[in-house]
Structure formats: C-alpha cells, structure tokens
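Structures for review follow.
Look at the two complexes coming up: chain A is in both, with chain B in one and chain C in the other.
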Partner chain A sequence: MPSALINVPAKARRGDVIEIKTLMSHIMETGYRHTASGAVVPRDIITNFTCRYNGTEIFRADFYPAISANPFITFFTTATESGKFEFEWTGDKGFSETASAAITVE
Partner chain B sequence: MKLAFCLAILTALTGAAHSTGIPQAERRSGYSFMTPDTRAMQDEDTANPGMLWVLDGEALWKRKAGTADKACADCHNDARVSMKGVAAHYPAFEQALGRPVDLEQRINLCRTNHQRAAPLAYESRELLALTAYVAEQSRGMPIETDKDPELSPFIDKGQRLFTQRQGQLNLGCANCHDDNWDKKLAGSPITQGQPTGYPLYRLEWQSLGSLQRRLRACITGIRAQAYDYGSPELVELELYLMTRAHGLKIETPAVRP
Partner chain C sequence: MTVPRHRTRRDVVRGAAAVAAAALACPSVAQAAPRVAVIGGGFGGAACARALRRLDPRLQVMLIEPNTTFTACPLSNEVIAGLRELRAQQFTYDKVAADGIVVVAQAAKSIDAQARAIGFADGEKLSYDRLVLAPGIELRFDAVPGYDEAASVQMPHAWKAGEQTVLLRRQLEAMDNGGLVVIAVPAAPLRCPPAPYERASLIAHYLKTRKPRSKVLVLDAKDNYSQQKLFEKAWEELYPGMIERIGLSQGGRVTSVDAATNAIVTDFGNYTAAVANVIPPQKAGHIAEISGTADHTGWCPIDPVTFASKLVPNIHVIGDACIAGGIPKSASAASAQGKACAAAIINALAGKPPETPRLDGACYNTVAPGYAFSLKGIYQPKADQYAESEVTTSPVAASRDVRQREAEQALDWFKTITVDAFG
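After this line comes the complex of A and B, so read on.
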C-alpha cells in the first residue's frame, strides 16, 4: 500500500521561494542484510525521484541503499506560475508511484 | 553512626515513595526529551512517517474482510466519531475472556468474531495501520484508564511486573523509568516510559511499532527473557503504564528516536 504525503503551499506570490516536502512510503531494503538462515535479503529501494513543475523538471535525486526507510525529501523552488507539481518515484522490483499538488501563484 | 543510619532509612523511604510512580505534576511525555528536529517531525503531519500507516489504516477501515464480508466501517461507521477517545481508555476489560485486552487484541477480536477473518499478526503492517488509525482519533485527549473495578487486580499485577527486578542485569522497569528518568544512559535521556504515542514511528526501527514491541525491546535490554506478543504479562504492563500516565495526552502516531 504505497502512499505519499506531499506538502506544497496552496498559494504563493510570484517570485516567492517556496519549500516543497515529500514523504514516500517505502521499506528501502539495503540488500546488505541477511536472514537468520543466511540468505541475502534482496535489495529493494527507490532509485530515482523527480519533480516537474508544469512539465519542466525542477528537481531530481538518485537514491542509494544508505537512504533510510520512508524517504523524506525537501527542496526549494521559485513560484513562477500557477499550475501543478508532479512527483515521481521509481525503484527496484518495478516500483513506480506518482503524486501531484496544485499551486496558485498571484 | 546514628546519623548515617537515619540517612539510610531516609534514602530507603524516598526510594520506596518513588517506585509507586511519578507525581502528576512531574509526568512528562517522551516528546519533551527529544531534540527540536525530531519534535518537528512529529508535529507536522506531512513530515511524520507515522501518518503513512494512518492513511493505510483509513483505507483498511473501509475494506471488507472475512467470510462475513464486513468492513470495520459497516458496524462502527465513521471512525472519526465512533473511535474518538477509545485509545485513551485502553487496555480495557473483556468480559468473555476475563482479562484486559489492548487495542491490537480488540481489533483482532473484532476480526475473528464479527468479520470472521483470520486475526492479523502482531507488528504486521495491517494491524499497526488499523491500530494507528483508531488511536489517532484520540490525539490530544488525556489518558484515562477505565474505571472498571475488574481491572484493578490486573493493574496491581502490571505494577508488580514494572517494579520486579529480572534478567542478567537484575533491573526492573522502575529502576530507570521511576527512579532515574531525569538522567542519561550512554548519552541518551532516560525517559519516564510514558506510553502516550503508540503505535509510534521509531527512527531506530525505521517503522511503526507497538507498545508491546517497545516493552520487549526493553526487556531484552535488561537481558531477561521477553514475554511473547499478546501474553497477559505484556497487556498487564501496558495497563499499568496507561494508569501511570493518567492525564497525559495521546500523541499517536508519535515519532521517537
């Protein structure tokens, strides 16, 4: 049941620097752990995160096994126009999730 | 010599007074021992990873399960109304079993008796999610153990377990959490062990976990044999801890280091 929590201000003035916060549900299994019987627990992580603002990519991050479970990513951008932020997480075992948030810029 | 004897008696007396619990005015949630960063994580719902389980729990609440093909919502309707304040009164006495049950056990009783579904495993994502969703409806409400007189022998048992020394380190819960809660252990604050935010997200676990998981971790820490999940001892401990936390506010889903 993957789900995301997104925090984007609903309103901003043109030119404002706004903070975007995202939290994605994921176990981020490193691939370095073993079960009690010695078998390797296969790696299962998010490998890539992107954010598009009205279609233009404004933020991208590559993830590695050292990132903890349920990754929390925050970053800043300048509010230029009203529209939509689209978030996408992709990873191992075909993991692919999207979320979006709208903003009104005055 | 006489003075030393008197002092020894005095220390013993104050020690005894301590082990009966922490006075209401001095009770503090584990929240107040945390760094500002961790507090901020708990305070903001979009930064609190525990909310991921609450969201899952909300979905599960409405999902039909078992041969009765019923969802929690089919009997209890809107959890925001029907479950308000429930977690603040748990564990509660279950007449049919003749002993107290905690919130997880109550959810599983509902599953087996009314939904006719298999009980959910302890610490499974589903059980934690449902428990977190139910408990979140009591957020901000003061903890108040049920007045049910049937509970009192179990509270006493819980208190005995709390003060009883055990394990290779020969420690009881009270030795740290009643007597030394304002001090530090290996650089980390010793808290009062108040169960205000369960199930909660522990950064160490990278997951949500129940109060029973926390108790088992502590018992292993004093190098004693941990009670099994769902055992009467753990529920009695939970019950005593909730009595001991009377008046503190529910924080579910809390975040702890």
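After this line comes the complex of A and C, so read on.
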C-alpha cells in the first residue's frame, strides 16, 4: 500500500533556498532476516529516488538495506522558476511510484 | 481541622544533631542508624520511603519534596473530560510523616556525591548514607520549536497533573461545538505510554456528550503504541468518525507550534486547533541532571537488581527517570521499583547480597465511563536490563461486562496504589 507524502512550498521568491520533504511508505525489508522455519525473507527495498525540477534532475539518492522503513528524505534547492517538482521512487519487485508538486516563483 | 505541619530542614538538622549527641553520650552505641534520603514524593519516592521504614524501623528516612500536596496523574484524564474532580487526585504527606519519615518540604538544589550531602537553596545541607532519586520527568521545553513554558499556558501539556490538567479542561469547556482538538504525541520514551490515547478517548467522550460536531486529531511521532488494537476497537465502537490519528509514517510528527495562533505544524501539514494539547518530549527530572545520574539520553542508567545509578555511587534512581528497559514508565512501575529499591538498600546496608526483584506492573485505560481495559506485566532483570517475563493484555473481543469490570478494577487499583504511597 505505497503512498507518498510531499512538502514543497506553494510559493517562493526567485533565489530563495527552499526545503523539500518527502516520505514514501515502504517496508524496506533488508533480505537479511529469516522466518521461524529458517527461510530467508527476500529483500524488498526502494533502490532509487530522484527529484526533477521542470524536467531537470536536481536530486538523486541510492538506497541500501540499512535504510529504515518509510524513507524520509529532505533536501534543499534554489527556487528558480515556477513549475513542477516530480518525484520518483523505484525498487525491488518492480516497485515504482511517482508524485509531483507545483511551485509558484515570484 | 488540624493544619499539617511539615518539618523544616532545621528540625531535621537539629534531630540529626540530637541523634549524634545521643550516640556520643552512650559509647555502647557504635554508630547512628543509617540515613536514607529520598528525593521526590511521587508514587516511587513515597512508596520507597515508606517501605524503607517498614522493612527497618531503625532507619532514618527523609523524604525531600517541595510540594505539600501531591497530584496524581493516573485517572487525571478523567478530570480533563469533566468526569472527576482534581481534588480526588490530591494527597498530602501527613501519613508518610506519621510513619516516622521526616518530610522536608524543600527542593533539593545540589547533590555532592563525594560528601554524600544534599544542598538546599539557603546553603543548608543534609547528609545521607544512601540517596534515592525519584524525580519523575521534566518536560523538554527546548524540543519542539515554539513550545516553551510560556506556550504551555496557551497550549497545555497536562502531562504533570495539577494546574495544567484544569487548564486543558477549561479550554475544552470554553470551546465551541465543532472545534478541533489536537493532541500532539511525542516519540518514546514518555511517561505513561498509552495515556495520550486514553486522553483522546475521554476527550471524545466529553465532545460526544456536549459538543458532538467537534473532532479529535492525534498527531503522533510514533507508528505503533501500547494496546493499539483495543483503543482502535473502542474508538470504532464508541466514537465513530470522531478521532483521527496520523502516525509517524503518515507524517504525524509535530515539528513546530505557534501558541499565538494555535497552529501545529508537521513535516507534511499545518493544523489550526481550537484546543491544542501539546505533549512535548521528556527527560528525567531536573535533580537527575544536576546529580550527574542522567546520561546523554536525558534518562538515568541503573543496575536493574539494585536500582543503583551506573554513574554516581550511593545513589539509586527509581520511577519514570530511570532506564528500566521493558518496563513502561508508570505509577505502578514506580511504586514497585520503590519497594524493590528499598529492599535492595536494606540488604546493602546489612552487607547482604541483593535479591533479584520481580516487579508487577498494571496499567488501566478508561476510554469511557464504565469501559476500561488493561495491560498487566511482570518484569525481571535480564542481561543488565529489565525485560517482560509475562504480559497480559485485555482481549480485543470482550463483552461490555468485561470492560465494566475492568473500569471498576481501575478504581480499586488507584485506591491501592495511593494508599500504598500516601496512606
């Protein structure tokens, strides 16, 4: 039941440094755990996160099994123009989720 | 009516001098009875002081507590919801004093662990052989931006029973029908982990009966909590659609507040409350910090068998302030720890090896009048920390008769634990 939470300021002045927050619900199963009967619980993690600002990639992260469940990523960027931030998470078992948020730059 | 008289430190010092003089006058008495001081007169401290006297009536026991009235937290959520009066939560130290415990109605200002002395504001000192700290919690007014002590007047925490409890109740009473009540819950560890949810339930009860268009929103820095299934079932049964909870992974962690506008901000949302109950993160009470018994976490590491501080010699720490592994911070745990600590001190003073404690804890949650459930546990030291050795939670599927009986048991439990501590 994946779901993304995004926090991008709705408005900013040109040149402002803005904070962007994202949270993706995900179990982030490490692949190192075993069931009671000894079978390995298969790895199921998000492996990649990207953010594009009007089509240009401004942030990227690779995830590994040490990242906790429900990864919370926050980063800063400079507001340059009005438009759209697009977020994408991909991972094991064909995991792929997207989200977007608009910003007005004055 | 008699006015209770609390002995001052001067009386204590004089008393101690008299004991010393008697010892000098009578060479056959090798030494005065050991002196055990207990700082903090809550459930842990009061139960510990009384247990010390009960186990060894020769001991000189001092209970240092600046408040002359104790206001109990358990059942105080019912006061907030208008189901109980604050005075039913209040107790004095008269019976503690009647046990022969010297009650010092002053705040300890410093502890000199080398000299084994407690300092007071006016420079007087009290010496001890063993010291028990039962300081409870201190609210961290530096943890949530915008939430300091001044903000707590507008956005009460009501996490220490007393004025704050009444303040939250008055705000609910003054609120219009249709208002949003927001409860901000911190991450663990916190005093009485299920209490925020009991509070949400009882506030919903008040709103349902008086202001039915209102709602409760719980913003939570945790995903899971104690007795969650029982609470969720009760909310569905009793308050459908009235309580919404946003957990950590849904963005429920509160990142800042603004008392001027009653605004509460999370990583992913902004909320404006009609009534805001902000429960900030907590740490061990102030005296723990100045005594050096608290570590970088703000809480006090202890030896689970004796409650001896791992950081400062001859000091024991009990109750909410100590790091007790699997034991939830609760009145019940503090009381059990107080008694076990008393036994450990008696053994230590007699040069006997400590016995391994087995602590009982009980935690009742009343979610509506005549509707309660509980968690009961037995806790024992395991690998240098307390672990649950047995935990029983009320069944999720149970008849209203069962819930009714538990509500009655909750009142019996409160009576027992308060009589234990305050007589």
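In this section, the second predicted complex is superposed on the first by the 106 of 106 C-alpha atoms of A that agree within 3 Å, B and C clash if a C-alpha of one lies under 4 Å from a C-alpha of the other, contacts with A are read in each partner's own complex, and residues count from 1 in each chain.
What we mean here is this: contacts are C-beta pairs under 8 Å (C-beta built on N, C-alpha and C of every residue); 3 or more make two chains touch, one makes a residue touch a chain.
A quick note: this is a predicted structure, and the numbers were derived from the prediction, not measured.
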Clash or fit, chain B versus chain C on superposed chain A: clash
Greater residue coverage of chain A in the superposed arrangement, chain B or chain C: B
Contacts of A:28 with chain B and chain C, given as first, second, both or neither: first
Partner chain(s) touched by A:6 [first = chain B, second = chain C, both, neither]: both
First (chain B), second (chain C), both or neither touched by A:68: first
Superposition clash, chain C versus chain B, among 181-189, 307-315 or 343-351: 181-189
Those residues of chain A which chain B touches in one complex and chain C touches in the other: 5-7, 21, 23, 25, 69-70, 72
Touching residues on chain B, where the partner in the complex is chain A: 44-47, 49, 51-52, 55-56, 59, 125, 129, 203, 206-207
Of chain A, residues touching chain B in the complex: 1, 3, 5-7, 21, 23, 25, 27-28, 68-70, 72
In the complex, chain C residues that touch chain A: 223, 248-251, 267-268
Residue ranges of chain A touching chain C (in the complex, touch as defined): 5-7, 21, 23, 25, 69-70, 72, 74
